[in-house]
C-alpha cells in the first residue's frame, strides 16, 4: 500500500480509532478521554493539511477494497472531497473543545464522545467516497451514529425527536439505496468520475435515468432538509448544543448537500443533467426551500428551532448553486457549503452558551443578554449578519457568487429568491440582535448556572470556539482571494479550483 | 471432513459418560478443533473444488457418499463458528444458574445437535439426510424441553410434532424416489430426474420440499417457532434460530438446485410468495411482541422469509444464490448475537418485557452495542453482512425486473428497523426514578462479550463478502 | 397387482390417515399413535413400492429397520414429554394460551 | 370445518398418490445386483445385515446416535423422581418371568449370531433383551432407573463409541467404515455384540426411565 | 390367487385397526388396537419377505412401543385419579 493509498485511510482512522478507544474507556477517565479526542482532531488536521498541499499540486489519493464482485469500497480524496473534509476537520476540533466544556460532569460522556467520533468518521467517509456504494455505506453509518447523540439526554421528548429523525433518515436511505442499485443494475458500477459517468451513456432510456435521479435526490434530500423532507431537523434540536452545532450545521445536512453535488457533477455530469432537464426542477425545489425555511424561521420563538429553520433555508443555497448551470453558480454553491457551516456553527455555539449560562432557550428571553454576555452576543451578531449576507461577512461572498451565477445561467428569478431570503433572514435575525443589545435585561435570568469572572462571561471552553468561528466568518470575506503561492487557502479559492476542474476548459473568473 | 462428524459424536457420548452438568470444557475444546477443521476444509474446497468421501469405500449408489462443495463448506464453517461462542456463553450461563434444569444434559445434546448438523451439511444421500434430520430435530426438541417449565414442554411438544410431520413427509418422498429410481444418492439421481419424470417423482419432490418448509417454519408453518425459540434457555434459542432452521433451509436449497432442478421452475413463485408474507407477518408480530425474546423469535420468522425470496431469482448468474448464502450466514451470527444479548439483559435486569429495558444503555453498554450491531445486520444497514445480502437480493430482483420483490425487501428492512429500534429507544430512555434501587444481578463479562463477538462477526461479514462469495462458488 | 404394490397402497392410506390424525387430534397420546401410523405407512411404501415386482430388496428393508428404531426413539421422547406435560398441567391437550 | 378440509386433503392426496403408483414403470437402477455381487467382501452372507452394517453402515452409526440421544432427551425431560414401586407382586408371574429371562437371553444371543447369515442381528437381539428387562420390571423384579450411574452410562455409550472407534480406525487405510474384506466379518460381529448390549440397555432404559416418574400405584 | 386374497385381507385389517386406533373413544382400547396393528404389521413384513423387519416390528414396534404406551396411559390415569 503506497502513501497515497494510506492517507485517505489514515484520515478515517484518525477519528475512528479514538472513537472506539473512547467507547472502551470507563466513565471517570476524563483526562485520557480528552487527550484521545484532541489527539484525533489534531492528527486529522495535520493529515488534511498534507492532502490539501498534495491535491492542489495535482496528486491523486485513492484506495479501493473489493467487497463483492464488481462492488468496491472506494475512497478518493479529490478537491471536492477536501472542501468538505477540511470544513468538518476544523469544526470538529472546535466542537470537541466546546463539547468538553459543555458536558462537564454530565453522565455517559464516553458514549457521547464515542458516537461523536463515529459521526465525524462517517462524514469523512461520505466526503471521500469514490462511488455511490461507499457513499451509501457511510451515509447510513452517519444516521446510526447520530441517533444515540440526538437521544443522548434520554428524556421521552428527546426520544420523540430521535424517532422522527430515524423515520425520516432511514426512509431516505431506503429510497437512495433503490436508486443506487438500479443504477448499478443498469451500468454495472457506481463510480464517481469527473464529468459524470452517465454523460457518456446517452444510449440509456432517459425516463430510467430521470427516475434514478429522482430517487437519489429524494434519498439525499432528506438529510439536506429539502422541503418537504425537512421535518426532522427542527425536531432533532432536542439534542445537546454541540450535537446541533456540528451535526445539524455541518455533518448531517452537509452530507445531504454534498451528496447532491456528487450526484449532479460526478454521476450524471452537469451538462448531461441539464440535457435531461433535471437541473431546473432541482433549482425550483431549492428556491422554494430557501423561502419556506426563512418564513418558518421567522415564526419560531424557540431559539434553536429558529436556527434550525434558517439552516433549512441556507443549505438550499448550496443546492441552488449546484442547480444553476454554469461555473459561477457552482463556485457560489460550493463556497457556501463552507461559509454556511462556519456561520451556523457560530450561532449554535452562542445559543448553547445562552442556554448553559443563563438558561435562555427562547428568543423572548433574550432581552438584554448582550449586556450580560457581550462576547457571545458579538459572535452571534457576526454569524447573524453573515446569514443575511451583510458585507464583510462570508455570507456576502457566497451570495455574490450565487447571484452572478444566477445571472450567468439566465435565471433572473433566482436572484430575486436570494434577495427575498436575505430580507427574510434579516426579519428573523434583527429582532434577536435588537432584543439582546438594546432591551433592558430582566430582573432575573431563567436559570443562571455559570457566574461571570470579570470580563469572562462564561466558561472558557464555551466562549472561545464561537469567537474563533466568528473571526473566521469575517476572515473568509476579507481574505477571500488570499493564497500561498499555488496552494489556495480560502474556501473561495478552493471552490474556484474545483469549478475549474469540473468545467474543464472554461476557467472560472 | 469425516472428523467434523465423528468428533462431535465422540464428545457427545463422552459427555454422557462424564455425567450430569459435566463436560463443558470437553465440548469447548472439541468445538475449537472442529472450527479449525471446518476452516481447513473450506480452504481445500476453495482451492480444489468439491471434496467427496465414499463411506465404506463402496460409493453411490450402493454405499453412501459425502460431498462438500462451497455451499456445504460455508454452512459447516458457519455451524462451528456459531456453536463455539454459544458454547462458551452457555458454560457461563449455566454456571450462574446452577439450578437450571436445561444445564443437566446440555452438553451431550449440543454434541448430537452439532454432529447432526455437520452430517446433514456433508451428506449426499437422501435417506442418510433423513437420519441426520431426525438427529437434529430430536436434539433441538430435547434442548427446548429441557427448559423444564410447562410453557417450554408445551412448546417442545408443538415443535416435536411439527418436526416429525416434516421428516415424515420427507421420508415418504424418499420412499417414492427409491421406488421410482431405485436409488437415493443425489449424484445418481440428478441426471435421472428430468422434466419427463413420472408424476410420482414430482409428488415426491413436493412432499420432501413441503416437509422441509414445515421444519424451516416458513409461513404459514411458522406457528411452532416463536414459543419454541422464545421460550427455550437463551443458548438454546441462539442455536435454534441461528443453525437449526438454516439446516432445513440449506437442504431445500440443495435439493432445489440439485436433483429437483428440472422440476421446480414452475412452482418457484410459491415459496417466494410465502416468504414475502412471512417477512411482513413476522415483522408485524415482532413489533407487537411483549417479551424481548419473543420479539427476537418473531424476527426470525421474518428473516426466514427473506431466504425464500431467492427461489424465483435463482439462475446462471449466481447472484440470488449468493444473496441466500450471505443472508444465511449473516443472519445466523446476528440472531445468535441478538438472543445472547437479550439473554444478558433479561438475566441482569430480571425483567423480560420490552417495555422494561429502560436504562440498559448506561448499565450494559457492551450488550446493547451487540444488540444494536445485530440489529444493523437484520435491518440490512451497511456495512453489515445483512446489507450485502439485501444488496444482492435487490440486484437479482432488478436483473429480472421483479420490482415487487424489491419493494418487499426494502419494506422488510424498514420493519426490521422499526422493531429493533423499539428495543434500542427503550434502552436509551432514562429509567424511571426508583428503578436504580431494584435488586439486579451483576452483569457477567463472558456473556456480554460472547454476544458482542457474535454481533461483530455478523457485521464483519459485510467486509469479507468477497471470500464468502468465492467460497459459495467453489466446487461448482 | 402384486402384493408389494398392494402393501404400498395400504401404506399410502395409512400415511394419509396418520397425517390427518397428527393434524386433527388434540389428545397427545393419540397424536403419538397417529404419528406411528404415519411412520408405518411410509415404511410400507418404501419396501412395498421397491418390491412391486415381488423380488425382495435388502436395501429398503435395511432402511426400514433404521426407520423403525428412529421412530421408537421419537415415540419415547414424545411420551416422556407428554407425561411431563400432564404432570405439570394435568392436561393431555395443548392449549393456545402457552403460545406467545 | 378444519376437520373436513384436512380429511378432504388427505384423501385427495392419497388418491393422487395411488393413481400415480398404479401406472409406474420399472426402476432405473436395481441395487439388488451390486448388493449380491459384493456380498463376498461384505463379511456377512445375509444381505440385509450387509446393507445395515457395511454398505450403509453409516446410516446405522447415526441411528445408534439417535437412540442414545433419545435416551439423554428422556433423561432431561423426566426429572429426578423416586424409583417407581413395582406394579404387582404376583408370585406366579414372577416365577414365569424368572424362567423366561434366561430363555430370552439365549434367543437374543442366537439372533445376534444368526444375523451374519440369516434374519436377525443386533437390533432384534437387543430389543429381545430389552423386552426381558421390561418384563422383569413389570412383574416387580427390576426397579425403575434413577439417573444412571457411571457403569450403566458406560454400558449405554459403549455401543456408539465402539462403532465410532472401528469406523474411524478404518480411516487409517481408506474411507470411513471401509473394512478390509478379510476382517469385515470379525469387525461386524464385534460391533454387533457391543451394540446388542448398548441397544438393550438403551431400549430398556427408555422404558425404565419413563416408568419412574409416578408415585405409588 | 389365494395368497393375494390373504394379502388383501391383511391390508384391509391393517387399515381397519389403524383407523380404529385413531377413532375409538376409549384411550386404552385405542392403544390395544395399536398393538394389534403392530402385530398385523409383523405379518405384513413377513408377507413382504422381510423377516428382519418382522422381528424388529414385533419386538420394537408392537412390543416396546406398546409397553411404553400402556405404561404412559397407566401413569397418566393414576395421576388423574390421585388429583
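Observations on the structure shown:
To keep things simple, chains are lettered A, B, C, D and E as they appear, and every chain counts its residues starting from 1.
The working rule: a residue touches a chain if its C-beta (ideal position, glycine included) is under 8 Å from a C-beta of that chain, and two chains touch if they have at least 3 such contacts.
Only a predicted model underlies this, so the values are computations on that prediction, with no experimental measurement involved.
Take chain B out of the picture and the remaining chains divide, by touching, into A | C, D, E.
Identification of common neighbours of chain A and chain B yields an empty set. Note on connectivity: the fewest steps through touching chains from chain A to chain E is 3. Of all the chains shown, the one with its CA centroid nearest the global CA centroid is B. For chain A, the chain with the farthest CA centroid is E. The chain pair sharing the most C-beta contacts is B-D.
Centres computed as Cα averages put chain B at a distance of 27 Å from chain C.
Averaged Cα coordinates give chain D a centre that lies 19 Å from the centre of chain E. Separating the centre of chain C from that of chain D, both taken as means of CA atoms, is a distance of 17 Å. Taking the mean of the C-alpha atoms as each chain's centre, chain C and chain E sit 12 Å apart. Residue positions of chain A in touch with at least two other chains are not found. Residues of chain E in contact with two or more other chains: 50, 52, 56, 60, 64, 68, 72, 75, 79. Within chain D, residues 17, 21, 24, 27, 31, 35, 48, 55-56, 59, 63, 66, 69-70, 73, 77, 79, 123, 203, 206, 210, 213 each touch two or more of the remaining chains.
By the definition of touch given earlier, these chain pairs are in contact: A-B, B-C, B-D, C-D, C-E, D-E. Contact residues on chain D toward chain B in their complex (touch as defined above): 16-17, 20-21, 24-25, 27-31, 34-35, 38, 54-59, 61-63, 65-66, 68-70, 72-73, 75-77, 79, 147, 150, 153-154, 156-157, 160-161, 164, 167-168, 171, 174-179. Chain D makes touch with chain E in their complex at residues 48-49, 111, 119-121, 123-124, 127-128, 130-131, 134, 138, 203, 206-207, 210-211, 213-215, 217. Remark: chain E residues 3-4, 7-8, 11, 14-15, 18-19, 21-22, 27, 30-31, 34, 37, 41, 44-45, 47-50, 52-53, 56-57, 60-61, 64-65, 68-69, 72-73, 75-76, 79-80, 83 touch chain C in the complex.
Those residues of chain B that touch chain A in the shared complex are 322, 359, 361-362, 365, 369, 372, 376, 379, 381-383, 387-388, 390-392, 394-395, 398-399, 406, 410, 413-414, 417, 421, 424-425, 428-430, 462-463, 465-466, 469. Those residues of chain C that touch chain D in the complex are listed here as 5, 8-9, 12-13, 15-17, 19-20, 23-24, 49-50, 52-53, 55, 57-59, 61-63, 65-66, 69-70, 72-74, 76-77, 79-81, 83-84, 87.
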